[in-house]
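Next come two complexes, and both contain chain A; in the first it sits with chain B, in the second with chain C.
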Partner chain A sequence: MRFEQLNPFTVAVYYLCVLGIIMFSMNPLLIGIALLTSVLSAVIGGTADKKAHLFSLAVFLIAALLNPIFVHKGATPLFFFNDNPITLEATVYGLCAAGMLTAALYRLRDLSRVMTSDRVLYLFGRFSPQIALLLSMAIRYTALLRVRWRRICDSQRALGLFDDGNLIDAVRGRARVLSILITWTLENGIVTAESMESRGYGTGRRTSFAVYRVHKYDVIVMLICFLLTALSAVGVYYSKAVFYPALTMDLLNPWGITAAAGFTVLSVLPLIINGKEAIRWRLLLSKT
Partner chain B sequence: MRVIENPRLRAILRYGIPFVLIPALVALSAVLFEGQRYLIISIGIVVLALLLFMTGFEKRNIGSRRMVITAIMTALAVFGRFIPLFKPITAICVMTAIYLGAEAGFFCGSLSVLISNIWFGQGPWTPFQMLGFGLIGLIAGYLSRVLLRSNALLLLYGVIAGVAYSFIMDVWTVLWYAGGFDWGLYTAAILSALPFTALYAVSNVVFLLLLRKPVGNKLNRIKIKYGV
Partner chain C sequence: MALVTVKNLSFTYPNTEHKALSGIDLAIERGAFITLMGATGSGKSTLLRLLKPELQQNGVLEGVLTYAVKTDEGDRDVALNEEKIHPRVVGYVAQDPEEQIVTDKVWHELAFTLENLGVRQRDIARRVAEIASYFGIDRWMERDTATLSGGEKQLLNLAAVMIADPELLLLDEPTAQLDPIAATRFIETVYRLNRETGVTVLLCEHRCEELFPISDRIVILDGGRVALDDTPRRIAQSIGRDSEYAAFLPTAARLYHSVTRSAQANDTIPQSPSGDSLLAGSGSPSVASRRLPNGEHLYQREPIIPLSVREGQRFVGNLHRKEKTTSERSDGNATEEALSLKRIRFRYERRGADILRDLDLTVYRGEVFALLGANGAGKSTAAAVAAGLRKPYSGTIKLFGRPLKDYKNGALYKGNLSLLPQDAESVFLCETVREELKGCDGVLQKLPFDLTPLFDRHPYDISGGERQLVALCKALSTAPRLLMMDEPSKGLDANRKALLLDVIRRLKHDGVTVLLITHDVEFAALCADRCALFAQGRIAAVDRTDRFMTDNRFYTTAASRITRRYVDGAYTVALAAERFSSDGGAV
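After this line comes the complex of A and B, so read on.
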C-alpha cells in the first residue's frame, strides 16, 4: 500500500509528528535534516514545481534576514548597521528559524495535497457526526455553486445581458449573477432540508459511510512513527542548543546523534514505503 | 447544534477545558519548558478553545432548514475566498450571524476556513484562523440586534473585525517565527502587514455595503417564508 493510501488518521498522525519536531525542536542539526529531506521528498514525489521552489527560496531568504535586522540580542556583534549591532547569535537563529519555516511549508504543501476533502471529512466525522454533515454539505455546495455560477453566467451572456469588454457592465452583470445564484441556492436548500426531514433526519443516530479501514499495516506504521518521534524528542531534550546570549551547542553527543538518526528515518518514511511498493511492482512485472 | 452526543463527555469537556485542561497546559509550559515553548502551548490552547466553543452550543436541534442554509452560507464564504485580493468571507459570516444567530455565525466562520484551507493550504495557522473567523461570526451574532438596526455600526464592526483579525494573526506569525513574543518583530510584522490589514478592512466594508441589502433581504425572505 502506498503511503497516500493509508488510513487518513495514520497520515495525519505522521504529519503531526514530523511537523511537531520540525517546528518545536529548534535544533540546527534536525532543522538541516528536515530541510534536506523535505526538499528531497518534494522533488522525488513531484509535489512542487519550479515556482513553488522559488517561492520557498524567497521565504527562506526573507526569514533569514529578518531576525538579525530586528533583534539585537547576543554577545558577539559581527558589525554595526545604523548604530545597531548585527550579532552572530541573531544571524544563526534567523537561519535556523528560516530553515524551520521553509521545511514546514514544504511538508504542509505535501499534507494539503494528501488531505483531500473526503479525508478531512472522515477525520471530523469521527469527532462529531453533526459537524461532518455540516462540512460535507458545505463542501458539496462549494462545488455546486461553481457549476451554477458558470451556468448562470453562460445563460446571461447568451441573452446578451452583459458585455465582458465593458468593465462597469461586467461588474454589474456579475452582481446580478451572484444575486440569482444566492436566491436559487437558498430556495433549493429548503427543498434539500424538506427532503432530509421527510426521510427521517434527526430521528435516530446518524452514521456516515467511509471507504477507509484501519489495517494492521496502519497500526504498524503508526507505532513506528511514535517510536521514532519519541526517540527524536528525548534526543532533542538531552542535546543542548542555546542561542542567546551566546551560542552553546552540544549537538553531536550520543543523544543528539540518536535524535538525528531517528528523525532522518521518520522524515523519509513515506519515501521508504513508496520505494518498497515500487520495488514490489517491478518484481511482480518481472515474474510475468 | 449538539456537536457531541454523549451528555457526560460534553459536560466533562465543558467544565474540564476551561478549569482543568487549559490551566494544566499553562502550568506544564511553565514547569517543563521553563516558559520557552510558546508556540506549542498556544496551538494547544487555541484547539481547546475551539472545542469549547463547539461543544458549548447546547440547544438540541437547530433544525434541518437552518443547518442547510448555514451550509450554503459557508459554501458562499469559501467560494468568495477565490476572488483575488478582496475577500468577502468576513461580510458573509457577519450576515449569516446577524440573520441566523451566533451559533450559525461561528460555524460559518470556522468551517469556511477549514474547507477553503483544503485549497489554500492547511497548517498550524488553521486553528487560529478558525477561531478568529468563528469569533467574528459569534460576536456579530450576539450584537445582531444593534447591527441590524444601524448601518454605520455594521460597517464599523467590519473595520474592527478586519483590523483585530490582522493584529491577532500577526501575534501568531511572530510566535511561529521567533518561538517567543518579541515587540520589535511584532511591530515589524504589523507594519509589513499594513497593506493587507487595510485591504481586509476595506473589503469588509465594501462587501458589507454591497451584500447587506440583497443578501439580507433574501435571508429575511427565506426566514419569513419558511419559518427557519
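After this line comes the complex of A and C, so read on.
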C-alpha cells in the first residue's frame, strides 16, 4: 500500500509528528535533516514544481537574512553593517529558523496534497456524523457558488446590465451579483432540503459511512511513528543546542545521534513505504 | 391490488379559492409504468407531491389516498395521514439535477440516503457498490459532485433514491434540464429499473417521443382533472389532430393523424400486398392484429397507430407518395455578415485542452441560425466567446463588420448584442416581475403574450417557463441587433415552445438576427434558416435547415427519420403530411 493510500488518520498522525519535531526542536542537526529530507521527498514525489522550489528558496533566504539584520545579540561579531554588529550566533540562528520554516512549508504542501476534502471529512466525521454531513455540504456549496458567481456575472454583462467603466459602478455591479447569488441559492435551497427530507433525513439515528478502513498496516505505521518521534524528542531533550550568547552545541553525543537517526527514518518513512511498494512491483513484474 | 389508490381527490392551496386538483381518480398498479402529461399548471407536480408523504404541502385535501403496505398478513391499505409511511417506500426525483445533490462526493451522495435510514456501515458498503455497478457510475465514484454533467447528476439522483429500494418511484420532469442524449439515457434507465426490479413508476414529463412506446398507461391532466387515462395507443388514437392535446403525441402518431384526417381514422389500416397488417411484427404483441383463418381480426381492441419511429416508417412505407408541392426554398440573398468568427481558439486553463479549435462561424444579417450539438461539446463556450465574455487566445471576431474590441464602454451590449443565458435565475435582481421589467414597455407591447398577470409576483415564484419569458423580455429591452439564446426551449412545454417560436418569427420579421444555441433539433427545425452541427470544438457541418435535416441520419428530427427512406425534405410533420396520402391503399 502506498503512503497516500493509508487511512487518513495514520497520515494525519504522521504529519503531526514530523511537523511537531521540526517546529519545536530548534536543533541545527535535525533541522538540516528535515530540510534535506523534505526537499528530497518533494523531488521524488513530484509534489513541487520549479516555481514552488524557487518560492521556498526565496522564503529561506529572506528568513535567514532577517534575523542577523535585526538581532545583534551574540558574542562573536563577524562584521559591522551600518555600525551594527552582524554576529555569528544570530546568523546561525537565522539559518536554523529559516530551515525550520522552509521544511515546514514543504511538509505542509505535501499534507494539503494528500489530505483531500473527503479525507479531512473522514477525520472530523469520526467525532460526529452531523459534523461530517455539515462539512460535506459546505464543501459542495463552495464549489456550487463559485460556478454560479461566474454565470451571474456573465449573464448580467451580456444583457448590458453591468458597467465596468468606473470603480463605483464595478462595486455596485458586484454587490448586485452577490445579491442575486444569495437569492438564487436560498430559493433553490428548498429543493436540497426536500431532497434530504424525501430521502429520510431526520427520521432517526444517522450512521456515517466512510470508504476508509483501519488496517493492521495502519496500526504498525502509527506505532513506528510514535516510537521514532519519542526517540527524537528524548534525544533532542538531552542534546544541547544553545545559540546565545555564544554557540554551545553538543549535538553528537549518543542522545543527539539517536535523535538524528530516529528523525531521519521518520522523515523518509513515506519514501521507504513507497519504495518498498515500487520494489515489490518490480519483483512481481520480473517474475511474470 | 393497486399500490396506490386515489379516489375523488381534491386539493386546494392555502389562500386560494381555485382547486389545484379536483376529483382525481387514479389507481397505480404494482409494477406499472405510468406517464403523467399535461400543460404547465395542470396539477401534475401537485399530484406527484401529494403522493410523497414528506413533500406534502399545506392545503386542504379531500378524498381518499391509500397505499398498500406490505404486512405479514399480506397487503393492507393505509390511508395517508392515518399512519406514517416509511420514507423508503416512495422515492422522489425532482427536475433540477444540481439542487437535489446534498454532499460533495459521488459515493457519499449514494451513502447519504442509507446513512439517514440508520443502515450499518457494512451494509452501506455493499449496497453502494451494488447500485453503482447497476447504474454504471462506479467509474466516477471518487469524483466531486460539482464536476458532473447534468445527465450524470440526474442519474446520480436517481441512483441515490433507488438505493433505498423504494416500491414507488415518482419523477417530476426529470429530463427537462437535460440534453436529448442524456434524457434518453435517463428514461432508458428508468424503464430498465421498471422491467428488471419491478419498481412502480409514475413519471411526469413532456418528452412524449420516448415515453409513448414504453409506458403502460398515459394520464393526461388538464386544469386539475384527469382528462384522459388509457393505454398509449388508445390515447394516441383518441387525441385527434386538432385536439388541444395534439402536442403531447409523438411525431409518428401526429403524422398518422395528419395523413388520415380526411379518411375514417379507425378503419383505414393500410394493408400490405401480402395481406399482413401494417404493424404486424412491430415488436409489440398487443398491437399485432392476429388473423383467424377466416380472415377476421382476433384481437383488435388496441388501435393501430404508430408511436415510435420504426412503426412510423412502416406506416408511411405503405402510403401513396406525392410530389413536392411547395417550391424549393431560396438560399436567401443575405450576404451581409452579422457575426463572423475566424479561426477561434480558446481554452479555459493555460494547461487545459482547447475547447474551441479553429472555430469558423458566420451568421448573416436577419437570419435565424441554430448551433446544434450535444452538451459539453462547447456550444455555450462558443457563444460566450462570440459575445465577448471570454477572450480567445487566437482568431478574430467581427460583429456587424467591426472587430469586437472596437465596441467600447459597453456599447457592445447596448443595442448591438444580447445573450439570453440558460439559467433565467442569473438574470433577476428585483422583488417583483414589475420592477424587473421596468423600462421594457416597448418590448412588452410587441410580444405575443401577456406578462401583466405576473407583475406582482416574485420572479422565483413563477414557473420555469414564465421565468424564461420574463428573462427574454429583459434581453430584448436593449433592442439588440443580434440576439443569442442559450437553450431557450429547455424545460418548456408545448404551448410555451409555440410562444417562443412566435417571438423568434417576429424578431426575424423585424430584422433582428437570432443565434440559437440548442440541442433541441425539433425546435431548430421549426424556426431556423440555417443549422450547424457543433462537435469537437468546431463546426462539423453547416447547411440550410431543410438540407441539414434531410442529410443527417441520426442528428435530425423524428419526422425526417420516419420519412427519409421514402421522400426527401419532409423534416416536419406538416411537410411530411403533404407528401403522403392514405387513399388508394398500398403502393
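Observations, loosely collected:
Note that the second predicted complex is superposed on the first by the 244 of 288 C-alpha atoms of A that agree within 3 Å, B and C clash if a C-alpha of one lies under 4 Å from a C-alpha of the other, contacts with A are read in each partner's own complex, and residues count from 1 in each chain.
As a working rule, a residue touches a chain if its C-beta (ideal position, glycine included) is under 8 Å from a C-beta of that chain, and two chains touch if they have at least 3 such contacts.
Since the structure is predicted, the reported quantities are computational estimates derived from the model, not experimental observations.
In the superposed pair of complexes, A:205 makes contact with chain B and with chain C alike. Once the two complexes are overlaid on the shared chain, A:286 sits clear of chain B and of chain C alike.
By the document's definition of touching, both partners, chain B and chain C, reach A:196. In the overlay built on the shared chain, the residue A:63 is in contact with chain B alone; chain C does not reach it. Of the two partner chains, chain C is the only one touched by A:152; chain B is not. By the document's definition of touching, both partners, chain B and chain C, reach A:137.
Touch criterion not met for A:82: it reaches neither chain B nor chain C. By the touch criterion defined above, A:179 lies against chain B and chain C together after alignment on the C-alpha atoms of chain A.
Judged by the touch definition given at the top, the superposed model places A:117 against both chain B and chain C. Common to the chain B and chain C interfaces on chain A are residues 117, 129, 133, 137, 139-140, 144, 179, 183, 187, 189, 192, 196-197, 201-202, 205. Listed in rising order, the residues of chain C touching chain A in the complex are 52, 54-55, 87-88, 90-92, 94, 96, 98-105, 107-108, 111-121, 124-125, 128, 144-146, 157, 160-161, 164, 384, 387, 389, 409-410, 413-414, 417-421, 423, 425-429, 460, 474-475, 478, 484. By the touch criterion stated above, chain B contacts chain A in their complex at residues 1-5, 37, 39-40, 54, 61, 63-65, 67-72, 74-76, 78-79, 107, 111-112, 114-115, 117-119, 121-124, 176-179, 182, 184-185, 188, 210, 214-215, 218-219, 222, 226.
By the touch criterion given at the top, residues 19-20, 23-24, 26, 63, 66-67, 70-71, 97, 101, 104, 108-109, 111-112, 115-117, 120, 128-131, 133-135, 137-142, 144-146, 149, 175, 179, 182-183, 185-187, 189-190, 192-193, 196-197, 201-202, 205 of chain A touch chain B in their complex. Residue ranges on chain A touching chain C, taken from their complex, read 117-118, 121, 129, 133, 136-137, 139-140, 143-144, 147-148, 151-152, 154-165, 176, 179-180, 183-184, 187-189, 191-192, 194-211.
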